[in-house]
Every structure is written in structure tokens, then in C-alpha cells.
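Report on one structure; see the data block that follows.
Letters A, B, C, D and E mark the chains in the order given here, with residues in each chain numbered from 1 onward.
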Amino acid sequence: MELAIFYAFAALVIGSALLVVSLKNTARSLFLFFIVLFGMAGLFIFALADFVAITQIMVYVGGVLILMIFAFMLSNKELLADLQNTSSKFLSIPNWQSLLLSIGFLAVMSYGIIEWHDNFPQWITENIRQGNIIKSSDNNINQLGIKFMTQYLLPFEVISIFLLAALIGAAHLSRKEDPK
Amino acid sequence: MNEFVFQVSDSIDHIIRSIPLFKVEFALSFGFLSSIVCTLIFDKYWKHSSFFVTILSIICAFLILMTQHDQSNFGFYNMLIVDKTSFFARAFISIGLLISAIFLQQHFANKEFKKRKGDLYSILLAAGIGLNLFSMTTHWLMAFIAIEMVSICSYIMVGYFSENKKQAEAAMKYALFGSACSAVMLYGLSLIYGFTGDLNFASPKHIQGLIAAPEVMVSIAILFVFTGIGFKLSFVPFHLWAPDVYEGAPTPVTAFLSTVPKIAAIVLLSRLASAWISTPFYFSELTFMFISFVSIVTMLAGNLIALRQTDIKRMMAYSSIGHTGFLMMAIIAYSNGQQNILFFYVLVYTLMNFASFAFIDVLEQKLGSTQLSSYTGLGKKMPIIFTCFSIIGISLIGLPPTAGFIGKLFVFSSIFEIYQYGGDQIFLWLLIVGALTSVISLFYYFKIPLFAFLRNNKEENIENINPALSPMLVIGVILTILVVLIGIFPSGVFGVISN
Amino acid sequence: MISLTHFLFVSACLFCIGLYAIIAKRNSIMILIGIEFIINAAILNLVAFGRYDKINYSGQIFALFAIVLAAAAVAVGLAIILNVYRKYKTINPENITDLRD
Amino acid sequence: MGALSLLIFLPMIAVIGILLLPNRMGHSFKYLALLATVLQFGLAGYLYINFNGSAGAFSEVSTYQYVEQLPWIRLDLGSLGKLEVDYFLGVDGFSLPLLLLSAFVMLMAVGASWNIEKSKKGYFALLMLLNTAVMGIFCALDFFLFYVFYEVMLLPLYFLIGIWGGARREYAAIKFFIYTLFGSVFMLLVIVGLYFSVQNPNTGAHTFNMLYMMNPENYVPGSFFDFLGNANEIFGIPARMIGFIVLFVAFAIKIPIVPLHTWLPDAHVEAPTPVSIILAGILLKIGGYGVIRICLGIFPDAAADANWWLGLIGVVSIIYGALNALAQTDLKRLIAYSSVSHMGFVLLGISSLTAEGISGAMFQMLSHGFLSAALFFLVGVVYDRVHDRYIYNFRGLASIMPKYTAYVAIAFFASLGLPGFSAFIGEAFVIIGTFNAESMNTGIPRWMAIFGSLGILLSAAYFLWTLQRMFFGTTRLKGGEEWVKELKDVNIREQIILFPTLALALLLGIMPSLVFGVLNNSVLSLLDLVTPYL
Amino acid sequence: MSDLLNISPIIGSMLVVLLPFLAFLIQAILGKRSQSGNIALVSIILSTIFSLIFVFAEVWKQEPISANVSWFTIGTHTFTLGILLNNLTVLMQLIVCIIALPVHIYSKSYMKGDPGIHRYWMYLSLFCFAMLGLTISSNLLMMYIFWELVGFASYLLIGFWFTKESAVQANKKAFIINRIGDLGFLLGIASVYSMYGSLNLVELFGKDGLFYSLPASSDGWLTFTGICFFIGAMAKSAQFPLHVWLPDAMEGPTAVSSLIHAATMVAAGVFLLSTVFPLFNQTVLLTIAIIGCITALISAYFAISQTDIKKILAFSTISQLGFMVVAVGVGAWDAAMFHLATHAFFKCLLFLSAGAIIHEMAHLKEANKLDIDPQDINNMGGLKKWMPKTFILMSIASLALAGFPLTSGFLSKDAILISAFEWAAQLNGLYFLIPITLTLVSILTAFYIGRLIFKVFFGELKIKVERIHLHEANLSMLGPMIFLGICSIFLVFSWNPIAYHHSFILTGFSITYPFAEIHSLHIILPIILTISSAIAWVIGWNWYVKGKYPLNSGNKLLDISMNQGYINEFYNKIFVKSTLNLSKGLYWFDQNIVDGFVNFLATIVRNLAHFSAWIDRYIVDGLVNTIAGTAYYIGHLLRWVQNGRLQNYLGFAFTVVLIGIIYLIIK
């Protein structure tokens, strides 16, 4: 059962991701991207990372995607025309070089994963043996909070500076130069 | 919950103990915030206030850094390392930041923008914090954050003004290329995390994990990781963005990009190499092969392509690619225990590069062009600048009596020593290619004196150009003198680096 | 419990799709989306591995940082793309080739 | 400050003076340069007279005179050991005559630069910088110091050719530079290798000291360039042989040998007269000096193995250079190729590894220094007047420029080895030494001497042909009457330069002991070093 | 006074050498201010006196004296400068002095008014210095130096009229061909040095010299050495095939030709051979003899058909030098020296006389504005009428050349011929070809010199002009000629006009021949020679004076054949005609093949030079430029990636990554 749902999510993610890249219409792609991100959040939950999944939805869906749509609308005045365009060319013709490259990567990575399959790292088996693995009953948020404030305090603080800088920078970048 | 209480208090103790290690970056962070405040409030009254604060904070950071001399400490759960390497790296980064800040101020001083210039200094300081962290860590999480921080600050700096099409294009190429590379690196890191369960690449657990992991996946993961580092260092094949971005970006930003991030990235790579290469396993061999091979290819590609350039900034981009190859030779020296050689070369490279961009910028402001052909016949009009520029060119080639020569000699020496006792053919090829590319580089570096001195300008407009003394020029000349002095008396500087 | 291989395989697929988007799509925003795919693939890996790391929580923490960093990068990237659009009136990287050899 | 330092840095004082003086005092630059070179020549002469060539081992400091040794760079490179670079100067019978020659040729060059008009400041400053570098090369006994001077020498030359040269000056300048750099960069690698292989016996530190490099006892056992029982190989060639070959190529480019000579005609043709004089008079000698001091001194074993090839290259250079000279129509190119031929004798003589051969080679270098400088100066005389050097454009110059013709004829005959002039002693002893090599079992067959002597014949052919074609016969010039007006006979300044040069060539031809007296002990100590490996 | 005159032979010979050098220096410094030539004259007079009184008289038939000072040291060898005085050297020095003196005097009026006369005297002094130095050098290196200097002086003098194209061509040729010889000499020196470690003649060939005490080195190298020295001598003494420069060298002033290219310098080769004679082994000696013989024969043939008076004499010189070389070859180098001495006088005289004639003919040409060659004997004739003294002197010289009894030539030529016969008798067989050829040459000599005399002095002047004011040369020209004429008579050399053994030169050397003396030859051979010479003259007289030239076309030929009869006809047709044709043919051969070969060699060298220049430009330099271009082009190719398209960049980068991964997998 669990596996079936996992497959369903995986199929959803991969399928919509494939559509994202093969659709001719960018606007549609953007909306499909939304589905991919949701699907990913689902997959995260399968990995018992509920907080990550929530963050994914909040940050990506709530932030990134909206930003992208805004950007797209700002940069494409024919958006509406695009949306209405239901021409026969629904999918874009794949670019064979990049297709080849992607398939090549997929091949080598699959090869690697299959080779790795029976032989998972020692640290995982060790942790499984010791029971040091996250269980679905664990309170992840609690743990994460403590980790952020102790072990990962430094990156946590640094990233605040980083975000501030990125914010200022992005604001400056997107500001139109006023006509003199 | 209670199970953590003991841990938490322990952690807090550890963190409090670690805080002094962070004081340099803390100074920069303080500067960062003050600079933002200044931009918002005080720039109206004194337009240099944020610049001033920036300079002050960099100097403070540098002075605080000096107190960390001779320290060797870990902190923040091994995320920060204060040791000789990070000390020198941060010292060079501070110098680089200082010079960059002055360059930025000078470059934009005469231009009117609607945008506030002050925030550029804030971004620079943020980048500085990232760079410092970059050079202080062996933890992948910290390293990744630092890389992103530096990258994003760099994108912003390139695209900040977007005065013209070229700057915007450069920013876009930089941002997209960089993001793609760091995404791939992240993927590689995720795999490595999977192999080891530990993000500290120098820890025994990490190395144990890599030893146990299957070769194919390790190859994929390591190459992905090197993609991100390669982007920062701009070695082949991840060098392609560099010429376009260097050409498009404002000159002071180019100066910054071609120098300072490289210091940090080279330090990270060195730490990685020295942690990995010394083990007799597959991944270490891979790392070593990778560094050597890429070094050779990078030296060749950078120098060969530079032959055909007509734009000085683009040429310097290829030159810096070539020097990256050379720096990677120095990494091999570093991992063999000759850290001071890497430091020396990095220092020399920093000085040379800033000097050359200082001259490029001065000339760009005077001539309004970065084309080499616009220098035609100017040697007589501006003898000081072109004499110094030629000397820097000589140093970049690696001819005596300049610091570039000493640096090259040290690198050759240490590689030769490894060759002598290790006997691997690849070292020989490193030496040969290193020597050969020095010869090739002569062609294009000497285009500067070729145009300036050997060719005569037939046009009249050069009469209008009057060489005035600008702070940039002064810095350039001082750096040139330093380069020559270090070239003749390397003992002092080298002694400082070695101890 | 879903085995690691499943996660790895899904992430590998997503990675490749992202790569394809980066290289093939003639639209800067699509390139950004491709990058996001790759980051998501990485995050998937991280959380999948992170499940077995209860002591440090490194996987999940890394994943969270990665999301934040990616978001910031997207913000800056989009701002830059908008700047380009203002100058070039296009966001097709094929047509933005003023800087070249 | 020792005498040699003074000799080296005197021109630097002039450089500083020239740079400090404002441009409007442009006329004083040449006097400043002249003053420096005159003092330098005087000093070099003083050193020459007071030199007493005592016999001693080639690798002993006591064999050298006017030695100055100051620690320069002392670095602790961790596992690379301690880096020791000394400011180490000293001269022996090989370097001192060349030092004097350099001082003299520099004096000539300053004299020849009297009418330079284009940016005098830069010109004289660069000329003096070059002077410093050249002096340094001949004095340095530390390989690092040598290398520094060697490279520093290139820079002023690049500019001197590139700025003040002829039509294709850019090409010639960069070609010259690239060629030399190509050799020297690889030389740097060998220097590094030597540095690791040699230890200062007193301190145990690695060292660049050339004298230590010459002593097999100072080599670290098992090091890359270790003397005995060295099994290191690169591409299947023994390491010491590779070291020798690389160093040889670096210097052979300077000599130059065929086929690494093509920079020479271009550089000579495009360079202004004074620079041609320096190139021919000094620069080529650095190659020969390097082969003697460094290739033979540091790699005597490899030299003993390779000398057959060296000799062959020498013979090929002699004949090839002479044949090329015969085919030239540009007077300056002809002389440039004759330099290739004449320097081939130097290589042949060195490769013979006999006292006669090496002495002859040294003598040939000195003599070629004076004579080729004089020849280039003479070409400059005509070129200054009508800006043409094409041999076919002149005929019967003897009628309108009798004194000039006399100088040319003397210089030509001196160059083609007429007894009484220095070139004869050089060439004759190279031939005798090479012929003698078989008796000494140094591995050079006698046919090399026989073929080498063909060069003497060919040199007569091309010089006499030129003499006949340009100077004799009835006057007929391309530029007609205008040229006749332009072509005034040599003036006093030119005579002041030419006369001592040719007189010196004559003096050395008649009293070779002036040189051999200084040289002989050094030759013997060099042979002591090399012959055990034959 | 007695102290002053008490000059040791060493000092004396040094003075002999240095005085002309001093004269050279003074004249070089004075330049155009010294036109008279008095300085040169005084110096040569003093040299002659010193040479005769303080050197020759002291040393002749005494123990050899030598003195050396060290010159320079190379390695462990010290090279010296020194003087060696023995019979050979002092004789040679004296001959040079005695020949040079009359030529100087003669030149004073002969060269009068020439614009470059200051140079003439300078060069002449230089030549004297070099030649005198050559004679008394005590080591081979020093000898070589003077040897080349002599060549140099000769170069200068041949090209004295440098505006004349043929003169500068000739001097170039002379110098280059002499250079070939010099190389031989140099290699010979190198070889001797490498075998014996010394170049000092006394150390090498003196009593208990190294040459005798050291074990003989390999025969091959000894032969090589000998051939090398012989090549040196061949070039200088104009032996076949290196003789081609000498006829051309006649472009110089006639006085110079007489001194340098007839009497002294060209004999230096023979002198060299005599000096290093012990070095030659049988192979080399035979080679020397054969080459000498060929030279003697062919140049005698050439002389027959020449029309230029100086060329006839030049070929005659070559022929006589061939005689001397044969003498060396057969081992009778004393005879060679003897012939050298006698030949010097009469050949010098012949040239000076020719010079006087040319001088007059040139005046005639100028006075009448004729377009003739003043040196062509076809334009002369009957000059006896106007220049009787010259005629007599020239006749004496000619008789001496032909080896007529009572002349010096008779003695020396007999010495050579008889030695050659005796040598051949020792060896038998084909070796007899050499003496027989020499005999033939001797007859030919008589014929061609007879032809010269008859054509020039007898009959009528061939050119028709109104005013013929030909007259005897003035005293300063005639005086030296008379002196030389006297010296061409037997008395100067021997009191016995018949037997050459009694000549003081031969008694002075007193070497022992390796072959037995055949007494009968000493009587028979001179008689045969004299008679055959006389016959040759009669024929010549008939042909050239009586105008019964057999080869003229038309009815004259019929007349002649009627008068001469069958034997004459046969003789003419078969013998004389073929001889003359042979002569012409050989001359053609010489001009076109031998000289042509030399020119051909020159052409080859020139073409080779052009070829190598081509190689240099397009292959050697081209290669370098190609390498540079390749680097440049690779740079260009690499730039292709840098096309400004972001996605191409990314694609490239990731493709490389993929390739890297695949490589690592399949590795």
C-alpha cells in the first residue's frame, strides 16, 4: 500500500516534470511545476521529513512559484495570447543533444544506483542496528529546532545575513532606473 | 525532551567557547549592518559614509584577524577551523576586499546613478563573510552555504547597476550558470552525504564512508561536487562563464571576481585535496587525477584561447583561467605539505591581478574602452602606467625579477620534488605544460607593451588624454612595486607566510 | 518502508529532467525551473538519507538550508532575468549573445 | 661593494640618473650612458689586468677571483628543505674576457647610438638596463642569480628591438623573446631539479650555487640528477642527459645553432644598429658561455657522452650558416648568417673537449664579438646614409667611400680568418683542437674538422663576393647622384668607434697570449672536470 | 762601427723581414702622401743587403740556427714565434730579396702616374714582409700565417685596379682557390699537431726530431697529412687542377705578376714541399710527381696556342712549377729548389721584358687611339728594331727557360730531368712516363717560347700605323732587367756550365737520393734536349718569322707543302697539326671543363646556398611559424565553444562531466 502510494507520487512527479519540460507553452509549464513541487512534498513525507515537506510547500509554492509567475508575466506580454493559444504544437520538439545528454546521465546514474543497490553504506546499517533512525512517531520539528539552535547555530545565523543581502540585492536589481 | 537538556547546555557551552573564532566575521557582519543603516540614513548627509564604514569594518576585521595569528582551533561543531590556512586566506581576502572596495568607490565616484551605491558595499561585505567562512570550513553544509553566499552576492554585484546590455547579460549568464553548477554540486553533496552520513569531509567517518562506497557512484558524486567548485575556480570545463562575465561586469567587480573568490575556493579545494589525496583509495586517486588533469587542460586552454583576444578584460579572464590551472598545481604542493607555497602564489596572484585591473580601470576611465587596440601608442603619453602594466605582465608570465617568477619557481620546485620521489609521469607533464604555457602566455601579455610602446598611433585624439594621478593608479603602482620587491627579496614575505 | 533505491531513482530521474530543462529550454525562466528540479532532486536524496541520521539530523537540516538558499537564488535570478528583459526584450538565452568570442 | 658589483650596477646608476633627469635634458642622456660605459670599461680593464689565472679545480671558489658572496634569499620550505640563494659573483678565465668584451661592445653600442632621436630617455635607460643584466650573467656563480639576469636581459632587448627597430620589428622582437624564453623556461625546470639534487656541504641546505653543482660529492644520493648510479629516466633518456640537453637547447638557441637560429636573422635585420651590435657582440656569447660554464661544468658526464652530437651540430651550423650567408642579398642578413656560421665554430671547439678546441672556441667568441659588432656597425654606416642595405643596389663604393671600403675590407678579411686577426686564431685552433680530439679520444672524429674547415672557405666566398659586388667595379648606385651625395665617407665619430675595434681584433690576432694567458688555467681546470668521464 | 756591423744572423733575418713591414706601416699611415715608393725601395734594399751579408753569408753551409720566443700557451702546449735559418730558408729569403729589389726599381717608372700608386707601394711592402717572413718561419703555424698573408697581398695586388671588373673577379678567384689550399695546409697542420704534438720544424724534422723518434702513426693519416700539405702547395703553386687562378691573376700590374705570380709567391708551394719533405711517404710522393707532370704537360700545351703575352708566360710558369713539383715528387727537392732559384730570375726577367713591351704597345695604342689589346702578340712583330736591348735580354731569358746550355736553366732543368730518369730507372715500368713526358714538355717549352720571341721581335709590326714611336724602356726599367739577365747565366750558380752537380745550391743542400746515379744520362740527356730544342726553334722560325705557317689556308699551304716535301707534310699534318689541335683542345678543356668545373662547383655552391636559404626560410623558419600558427589556431578552435550561448556552455560543461563519468566507469 505504502509502496503503491509512493509510486503514485513518484509517477506524478516525474510525469508532470516531463510535461513541464516538454510543453511548448511556458505558462502551462509553470502551473505544472506547481504540481511537481507538491508531489515532491509528498515524497518528502515518505522519507519522514514532514517539516521539510511543509517548508517546501510554503517556500516554493508560496514564494518561488509566485515569483516566477510574476516574473513571467512581467517578461512576457503575450501571456494571455499564449494561454489561449491551443495550436497543434502542444509539445515542443525535444532537442536531441540535450536529450541524449540527459539520458546519458540517467543511464550512468541508474547504473550506479543499481550497482549500489545491495550494498548500502555502513553508517546506515549501523544506525538501523542501533535504532538511530527517524521513526514516523518522532517529533521532527522539536528535534530540528534544537539542532538549529545548537549544532547548526552558525549556519542558521549566517543564512540570516545571507538572506538580508539577497533581499537588498534582489530589490536593487529589480528596481527600475528612474528616468532622469 | 529531557534527554536533550544535558546536551543543550553542553552545546551552549561549546558555542559560547566557539564565539571568539567568529569575531572576525562578526566584525564584518557588524559592518554589513551598519553599512545598510548608513545607506539608508547617513548617505544623505555624507555620501561616503557607507564606504567609510565598510573600509573601517574591513580594517577592523583585519586587525582582529591578526590576533588569531598562531591559533589553531575548531569551533561550532567543527564547522569553523581557525588555523594557518584560514588565517592567511582570510588575510588575503581582507586585503582583496579592501582593494575591491576602493576600486568600487573610485569607479563609480564619477558616475551618477539613481540607485544608491551604498548597498553595493553591504553586498561586498556579505560576500566577504561568505568568503571567510568558505576558507574556514571543512563542513559541506557550511561550505555550500558559503559558496551560495559568495555566488549570489557576486551575481548581485555584477548586475547591480546594469548600466548597459552587457552588464545585464553578464549577470544573467553568471547567475544561471552558477545556480546550475551549485545545484549539481548540491546533488553531488547529497550523494556524498548518503555514502558517509557525515558532512565534514576531513572526518574519519566521512573518509571511511567514501572508501566503502561503490566506485561508480563515488565518481559521479565527486565530479558533481567538483562542478560547483569548478565554477567558483573557473577551471575547464566550467570556465566558460568567466570570459563573458569578466568582460561584461564593471571593471572593479571583475577585479573582485577574478581574485577574491578564487582565494577562498582554492583554499577549500586544498583542504579537500589534502584530506583526501593522502589516502590510498579510489576516490583519492580520482581526486588527485582530477586535479592534475584539469590543471593541465586549464593551463593549456586558458593560455591558448587568450592568444586571440582583443579585449583586455576578456584576455585577463583567460589569463586568470590559466592561472587557475597553475593554482591547482600549487594545490598538489599544498596537499604534499607545502602550504606556504600555495599561500605565496595566491598572495602574488592577488597582487598581480589587482594591479592589472587597477590599470585597466584607470585606462578604461580615460579611454572609455577596454580594447587593446585603444592602447595604441599611449606608452609615451602615460609612461608610468604602461611601464607598471608591462611589469605586471612580466610577473604574470613568471619572469624574473618579479614575484610571479618566485611563485612559479616555488610551485615548480614542489612539483618537481614530488616527481623526484614519486615518479609519476603526470607530474612531469604538469611541469612541462606549466613551462610551455608560460611561453605561450608571453604572446598575449606582451600585447600590452606591444600596443602601448611598439605601435604608433596615427590618430590625433590621444592628445586630449592627460594622465592624472588617481588613487587607483597609486594603488596599481604600489602593487607593482610590491610585486617587484617581493620578486627580488622574497625572504621577508615568505618568512611571514611560513611562520 | 520505502527503500533508498526508490528515492534515489526518482531523484535521478528528476535530476535528468532538470538537466534537460537547463540545456534545452529556450527560456531563462525554464532554466531556473530546471535548476529547481535538480535542487529538489538533491533535497529528496538528502531527506531520504537523513532518515537514517537521527543523531545529527544533517539530512533534513541540509534540505531546509537548501530550500532557503534556492529560494534566495531564484529571487536574485529572477530579478536579473527581468533586468535582461528590460534591455533585450527577450529572455531567450539563444538571443542574448553580445558577450562572446 | 665589490668590484664586480660595481661593474654590474654602474649602469643602473646611469639608469636612475636618466630616469630622473627631465626630458628636455635629452642631450645629456647619451653622455651619461657614455660615462657609465667608459667607467665600466675602465674597471673591467683594471680587473683584467690584475687577474692572475691560478690553476685550481673548476668547482672550487678559490679558482675564482673578485668573489663576492652575500646571502640573498634564505627560505625554509619545509620538506623542500632550506632554499639558499646567494648573491654570488666571481670570475675566472672564461668569464673575465667576455666581461671585458661586453664592456667594450657596450661602449661601441653607446657610440653607435649617438644619433638616436626617438625617445632617448627610454632608449638609454633600456640600454643601460641591458648592460647590467649582461654583466650580471657573466659574473653570476649562483644559478638562480644567473637565471634572473638571463631573463632580465630579454626585456630591454624586446623593447629595444620592438620600439627602435625596422619595419617588421614586432615580429622580430616577439620571435626573439619567445625563442629565448622557450629555452629558458625549461632551463628553469632543470634548475629546480638541480636544486633538489645538490646540497651545500657546509649547511646541508639545498642550494643554487653553481660551484657546488659542479662537484659530484655534493649531490644527494638517489636524487634526480645524482651523479653516480643515476637510474632516473625521462622518456627513456637518462635524467642527467635530459638535464644536459635541456640546458644545451636553452643556450644553443642563444648561440644559435641550426635549426634554432631563425630568430637571429630577423632580430638582427630589424634591430637598430646598436642593438644589432649588442646582439652579435654579446648575446650570442652568452650562449657559448652558458654551454661552457653550465652544460659542461654541471653535466660533464653527459657532455662527454653527447659531444659527438654537439660537434655535428656545430659542423652543420658552420656549413649551413655559410651557405645561407652566400645566398643573402641583404647585407645585414648576410652578416647575421655569417654569425651563425662563425658561432658554429664555437660549438665545434667546445665539443672537441680538447684544450686547443675550447681555447679556440673562447677566442672565436671574443673575436666574433669585436668583429661582428664592427660589421654591424659598418652596415649601419651605409644604412644611416641611404636607408638601404640591398647588396645589388650598390656597386663601386670604393671610389666614393675609400676609407669606409678600407674598414669594410679589413673587417671582412678579419672575419674570414685572415692570419694576423683574431678570428684566425680562433678558427684555426678550433680546427686543430677538433682534429686533435681523435688523438685525445674525446669522441669527435676528424672528418668534423675537415667539414668544419669548409666553413672557412665559404666565409671567404661570401665576404669576397660582397666585397667585389658592392665595393669594387665602377660606381653604380640605385639612388643615382642623390646617393652619391648622401654617401659621405666615414666621419670622425665612426672612425673613433671602428678603429679601436679593428685594432683590437688585430692586437688579439698578433698577441693572443693576452687572452690565452687569462684563459688557459680555466680551460685546464674545465678539462680536468670533464675528461674523467670520457 | 764593427759592433754595428756585427749583427747576428737571427737579428739580421728579423730585420730583413721587419724592414718591409715597417715600410708598409709608414706608407699605410702616410697614405696618399707617399707616392714615390722610396720608402719601400729603401727597405727592400736594406733587406737585400742584410739578407746577403748577415744572413746568407753567415748561415749558408753552416749549422742551422733557430731562435724562438714563446707566443702563447694553450693547455700544456706553448706555441712559439721563431726564426729558423738553414740552407733552405736563407736561400729562399735571399732569392726573394734579390728578385724583389729589381722589381721595386722597375716599378718606380713602370707604375709612374697611377692614381693609386700609394696603395701599390704599400701592398708591395706588405707582400715582401709576408713572403720574407714565410721563408724563415720556424714553425708551421707561423708559416701558415705568412702563407695566408702572402695570398692576401696577392689578392690586393691582383685587384689593384679595382674598378676593372675582370681584375676584381680575378682576385676573388685567386683568393678563394688559394683558400682551398690554405685549408689543406691548415688540416695538415692540425694533423701534424695531433700526431706529434708540435709544430716546430726543428723539433719535428731536425736531428732526432719527433718525426723520427715517435713511432710512426698510421700510414693512412700520414698519407692524409701529406696530401693536405700538397693541396696547400698545389693551390699556391698553381698545380693542376687548382691552377686556374694564375692565368687570371695576370690582371694585376705586370711588375706584380713578375714578382708574385712568377718568381716568388707561386714558388712558395715548392718551398713548403721542400720544408715538410720528410713527411711524405711513397704514395704522396707519387701523387706529387704525377700531378706535377700533368701540370707541366698541359700548361705547356696551353702556352702554345695563347696570344696574350702574359698568359703565355703564366702558363709557362705553371709548367715550370710542375717541373719543380715533379722534382719534389721524385725526391730531388734540392733540384726543385735549384730550379726555383734559376726560374725566379729568368721568369722574372721574361715578365719584366713583357711588361716593357706592353708598356710600349700601350703608349702606341694611346698615341694612335687604336682599339687593340696591347698584350696580344698577334699585334706585335719586329720589335727587335726598336727595342734591341729588350730583345737580347728576353732572348737570354728564353734560352734559359728552354734549358739551353750556358744558361742557368740548363743546369737546373737537367738536374730535374736526370733525377727523374734515375728515379724511374729505379722503379722501372710505367714510371718512365714521367721523365719522358718531362722531356716532351721541355721541347714544347722551347717551342712556345720560341714562338713568343719570333712573333714579337721578328718580322713586321702587324698593326699598321703612321707614326711608330716605339723605343727602349728607360734605364730604371732596363737596369733591373739587365741585372736579371746576368743572373740568368750559368756563372751565377755554377762555374761549370755543363754539370749541374757543381752548382753551389746543390752542393749546399747535399742530400742523398734514394736512387742510383746513372752517369750516361748526364751526357746524353742534355744533348738530346738541346738538339730537340734547336729543332723546335728552327720549325718555329720557319713558321712564325718566315711566314711559312703550315696551317694558313689557301695557296700558301700548297707552297709550303711543295717546299717542305713529303716528310714535312706528314710531319705537319700528323704531328704539328695534331699537337696544335691538342693544344687548343686542351686549352678549351681547361677553360671550359677544368675552369668550368671550378665555376660549376661555384655554381653548385651558389645553388646550394640558395637552396639552403630556401630551406631556412620555408622549412626551418616555416616550421617555427607553423608551430606558432598551430598554437594560435588551437586557440581559435577552442574559442568555438565560447559562442556566447549560455546553454551551450552548460551543455558543454555537463557533457564533459558525463564523458568523465563514463571514462571512470569503463576505465
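Miscellaneous remarks
Operating definition for what follows: a contact is a pair of C-beta atoms (placed from the backbone, for glycine too) under 8 Å apart; a residue touches a chain by one contact, two chains touch by 3 or more.
Bear in mind the structure is a predicted one, so any value in this text is a computation, not a measurement.
The chains in contact with subunit A and with subunit B alike are C, E. A simple rule picks the central chain: find each chain's mean C-alpha point, then take the one closest to the mean of all protein C-alpha atoms, which gives D. Distance from the centre of subunit C peaks at E, each centre being the average of the chain's Cα atoms. Placing every chain at the mean of its C-alpha atoms, the farthest one from subunit B is found to be E. Comparing chain pairs B-D and D-E by the number of C-beta pairs in contact, the larger count belongs to D-E. Subunit D has its Cα centroid 64 Å from the Cα centroid of subunit C. For the pair subunit C and subunit E, the distance between C-alpha centroids works out to 98 Å.
Chain centres here are Cα means. That of subunit B falls 81 Å from that of subunit E.
One simple way to say how far apart two chains are is to compare their mean CA positions; for subunit A and subunit E this gives 104 Å. Counting partner chains per residue, subunit C has residues 4, 8, 15, 18-19, 22-24, 31-32, 34, 36, 43, 48-50, 52-53, 56, 59, 61, 65, 69-70, 72-73, 76, 79-81, 83, 86, 93, 96, 98-101 touching two or more of them.
In subunit A, the residues touching two or more other chains are 97-98, 101, 105, 108-109, 111, 113, 116, 123-124, 127, 151-152, 155, 159, 162, 166, 169-170, 173.
For subunit D, residues that reach two or more other chains under the stated contact definition are 178.
Shown are all chain pairs that touch, namely A-B, A-C, A-E, B-C, B-D, B-E, C-E, D-E.
Per the touch definition, subunit B reaches subunit D in the complex via residues 336-338, 340-341, 380, 383, 394, 399-401, 405, 408-410, 412-414, 416-417, 419-420, 428, 431-432, 435-436, 438-439, 442-443, 446, 449-450, 453-455, 489-491, 494-495, 498. Listed in rising order, the residues of subunit C touching subunit B in the complex are 4, 8, 11, 15, 18, 22, 28, 31-32, 34-36, 38-39, 41-43, 45-46, 48-50, 52-53, 56, 58-59, 61-62, 65-66, 69-70, 72-73, 76-77, 79-81, 83-84, 86-88, 93, 96, 98-101.
If you check the complex, the residues on subunit A that touch subunit E are 97-98, 101, 104-105, 108, 111. On the subunit E side of its complex with subunit A, the touching residues are 651, 654-655, 658, 661-662, 665.
If you check the complex, the residues on subunit E that touch subunit C are 639, 642-647, 650-651, 654.
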